[in-house]
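Just below sit the structures, each encoded as structure tokens.
Consider the two complexes below, in which chain A is the common component and chain B and chain C are the respective partners.
Now for the complex of A and B:
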């Protein structure tokens, strides 16, 4: 076996490892009962996203993807957790169980179903390409998107919902680094900026809700509805 | 070049309105900036070479007929809402909190900027970011009154629309993938349209469905509309005018942009999806607005209904229906903003959002009562207002196409909504007053904004000037292939 082929194989294996762990962190976020643990898992997931971008960059020989990996680590693994800890410290460190609509074992069962759905949905899309990276990243990214959305739906509290939204974006970008690796750098930069604004705006709003109502169980706010 | 100025002016005015030069400074700067943006948009829309794109930065910032229509609409409502804000915000904010007023105007300008960026950007990934920013920059405008209800509305708004935006993001990335496979076109609306034949239909369908769900959430399409009546009723009225009148339209514009791309792959049946999503929204909103108890919520449900009508018009297909869709975007935008100015004036006069407690408005404030009645008639689609003409042109196009079922259902839903809107408004305006109440005048700027906003609402129903007709025709060609 020649060297470039071996290198490709190694990159592919490492990317697969990152993908598997990525999916595991997404499961972990559903299973965690504490806010701080969810946030740490989000940081881990972002680092895995950056790792996938890095391996893809090695494979395609693209500096561009290294930059994406760098931005991801800086914004999602450093800046956002720091920002959230600053704005809503008391919420992040609250030592209580996150209030959920469904209990965790049921949630995990549903989530397994969602992952299968993600593979099922992406299978017709994968027919167009033999690229091993896309074949791995697209279903995992889609699953990350679905799991994040599920987390937002079942959790009644503000901070876990913010983390759910951010992990959805991670899922979209996990697929994105493989399928849209040529996206102009300015778009990637703007997207990172956008994710930062999401964290900032939702963090500040959570802070305000806490100030005004003394709780951030947003799922219990039901004053607005038709009779 | 105009497009660059259009984007730079709100950025400057946002910065300027933070300067502490008295209570009127920020409002005055914002109105002047919005006026300049409106004039430049009118120049872009009417004085550019016929049928050619106005390009500021090739591949990044440019706009064709459809973009220019949305740009003009956003700029017009941006101007009238800025005028309406003047005394409305002045009255709402206690006199010892001048910083709150400055922050309102800074956010207002940034929100306006993000909405102007949606039609002005032609790079699709940047359009996604602009749409996402319209949410993020308007969240604190929705929660401006800082009541429990306003915070709840703002939270639902940001969570659901960001959730949708993440789906739309994957859709746009898949679209890029498809473009990449099919050749080296730039990732712009025109490039997408040219490359569409080469994109594998499976990818195109997946991308379209993700974007329809994602941005459909933000445009308020049923069943993902649940946040919309909350956010659009709790925000201060001038912000409601922007949210309901043009923000939803600007997002719908992005979905409509996919229509010509989908037509290259008949197996997807793009039109069918538009038709179903549109009829579902129109129908359910028509029934929901019957049971609204709050008049701002009533108008918000009517926005869901109108988004549905535009989707149906796009789904009917053919130049006449596309023309109707473009016309409906215009007429709904101007009329809905007028309705929210009327609702805001009513709120200023009565201090109540509930329809049951407002009776005999015509005796308390003839100005607000006239505006509310005219707004109700206009948005429900009574002749001779603009919405009547646009809805009529859509129905006529549907019947000419031979799509009797879709047109028939649309007509039924419009009639239900007509009754649902006019009955409560009629009672509010002409009903027996509950108690003796004294007459109250409207603030001058509110009256000015109402008059200015009423011009297109009434005028476009009677006569469509030639340049505007031409613009609508151009927008319609951008929807077809």
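Now for the complex of A and C:
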């Protein structure tokens, strides 16, 4: 085995490692009961996403994947948590359990089913390509997407739902960097900026809701309130 | 042949001699992290020695199970120590007598008799602790199964020596996502089975909150010493499986000379001490879970192991 090939193999394994841990953080977000822990896991997940983009960049020798990794770390691991902590401080630091439709063991079992579904759905697509990076990233990204959506569905509060949407975006990105590595940089920039705006708008909205209603528990807001 | 049998017996002696030390170091480190002085690292040896000197009291209503249990609890880890790589990287004489599942069953036999003995005494706290241990046990069982099946699927065998060989060869195997996930799941299992802090508090003195400890409350004298020593050996054996087979398969002896085997003892001990340091940090930074939260803890371990299996089975 020649040297660059060995380096490539290590690169591929490191990417796989980032993928495995990415999946684990997605599980963790479903299993957590407190908002702050969820947010910290989201930060960890974003850093793993950046790591995966970095390893892909090493493999393809493309600079713009490095830039993508940099943007991800800056926007998702630093800026968004900072914004959320600033705008909805009392919600993030609330030391109580997130109200959920299903209890956590049930959720975890359903989530395992979702991950299997992600693998089965992506397996026909994977027959097309021999690229090991795509073979790994597509199912894990898809699973991240499903798990984020599941988090949004099951939780009855606004802030965890925002975090769920953001982690869905992470999942889509995780698959995206592998499939469409030739995407122009401007598109990546726009996506990152979009996410930032989404976080800001939702954060502000949540803040307003909290001011008006005194709670952000979406489940309790089914009936309209008259002034 | 005789040499290999001797090494195998040496392996058992190492497990017997060093297991109280590991317990002592763990207790000491935990106290130090919580800025207390704590007992010396040789305290478990002194405890066991003291208990062997004392008279034994047996409850009147108890049957033979109560009397036989300390010996079973003491002997089962020794049998498992014959099957797993403690010091050597190559199979010893008894290595093919049983695989990892066999080892698991032997360890479970000790736990089974400890449970029966706790119910046997008629002490109200015993059966309570026993039923709680069974609860943790049956939640941990599926995780054990999936971890073992995934590991043996990857290595193509359930004999621990062969599994260990598989991880040694290329470093790339070590970084596989399924391997990392399996390590995490097994770490959570060790915490649950060893009765460490997020699941059970090993240094608690409040009977109502006990899980593992309350089973041994009725034992005194020699019985208590054997139970204590057996528990320490079980923990040591679990650590050996975790570290030598799954996590860090380095530092084991590969030569057939006595010198190399003796050199492996401090190396293995060093690995275990490093892991014990990590465990002490984990134990000091978490609070004990409420009883019904243990389901979630082990549910998370189960999901982790299933994720490891999925990433392994479906990616290729």
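What we mean here is this: the second predicted complex is superposed on the first by the 223 of 227 C-alpha atoms of A that agree within 3 Å, B and C clash if a C-alpha of one lies under 4 Å from a C-alpha of the other, contacts with A are read in each partner's own complex, and residues count from 1 in each chain.
As a convention for this text, contacts are C-beta pairs under 8 Å (C-beta built on N, C-alpha and C of every residue); 3 or more make two chains touch, one makes a residue touch a chain.
Here the structure is a predicted model, which means the values were calculated and not measured.
K.L.:
Under the superposition described at the top, does placing chain B and chain C together on chain A give a clash or a fit?
P.N.:
fit
K.L.:
Per the contact definition in the header, classify A:139: touching chain B only (first), chain C only (second), both, or neither.
P.N.:
Touch status of A:139: second partner only.
K.L.:
Mind computing the angle chain B to chain A to chain C from the CA centres, in steps of 10 degrees?
P.N.:
Placing chain A at the corner, the angle measures out to 150 degrees.
K.L.:
After the superposition on A, what does A:119 contact: first (chain B), second (chain C), both or neither?
P.N.:
In the superposition, A:119 touches chain C alone.
K.L.:
Spot which of chain B and chain C makes contact with more residues of chain A, would you?
P.N.:
Of chain B and chain C, more residues of chain A lie in contact with B.
K.L.:
Determine, under the contact definition given at the top, whether A:19 touches first (chain B), second (chain C), both, or neither.
P.N.:
After superposition on chain A, A:19 lies in contact with chain C alone.
K.L.:
Output check: A:9 vs chain B and chain C. Expected answer is one of first, second, both, neither. What do you get?
P.N.:
Touch partner of A:9: chain C, not chain B.
K.L.:
Looking at the overlay, what does A:104 touch: chain B (first), chain C (second), both, or neither?
P.N.:
second
K.L.:
Is A:176 touching anything from chain B or chain C once the two structures are fitted on A? First, second, both or neither.
P.N.:
A:176 contacts chain B only, not chain C.
K.L.:
Determine the nearest approach in Å between the Cα atoms of chain B and those of chain C after overlaying the two structures.
P.N.:
18
K.L.:
Give me the intersection of chain A's contacts with chain B and its contacts with chain C, in residue numbers.
P.N.:
none
K.L.:
Give every residue of chain C touching chain A within the complex, in rising order.
P.N.:
171-172, 175-178, 180-181, 184, 295-296, 299-300, 302-304, 306-308, 310-311, 314-315
K.L.:
Could you pull out which chain B residues touch chain A in their complex?
P.N.:
Counting only chain B, the residues touching chain A are 123, 125-126, 129, 132-133, 136, 139-140, 143, 146, 148-149, 151-156, 158-159, 162-163, 166-167, 169-170, 173-174, 176-177, 180-181, 187, 200, 202-203, 206, 229-230, 233-234, 288, 291-293, 297.
K.L.:
Over in the complex, which chain A residues touch chain C? Could you list them?
P.N.:
Interface residues on the chain A side: 9-10, 13-14, 16-17, 19-21, 23-24, 27, 31, 104-105, 108-109, 111-112, 115-116, 119-120, 123, 135-136, 139-140.
K.L.:
Taking the complex as given, what residues does chain A use to touch chain B?
P.N.:
Per the stated touch rule, the residues are 121, 124-125, 127-129, 134, 141-142, 145, 148-149, 152, 158, 161, 165, 168-169, 171-173, 175-176, 179-180, 182-184, 186-187, 190-191, 194, 197-198, 201-202, 204-205, 208-209, 212-213, 218, 221, 223-224, 226-227.
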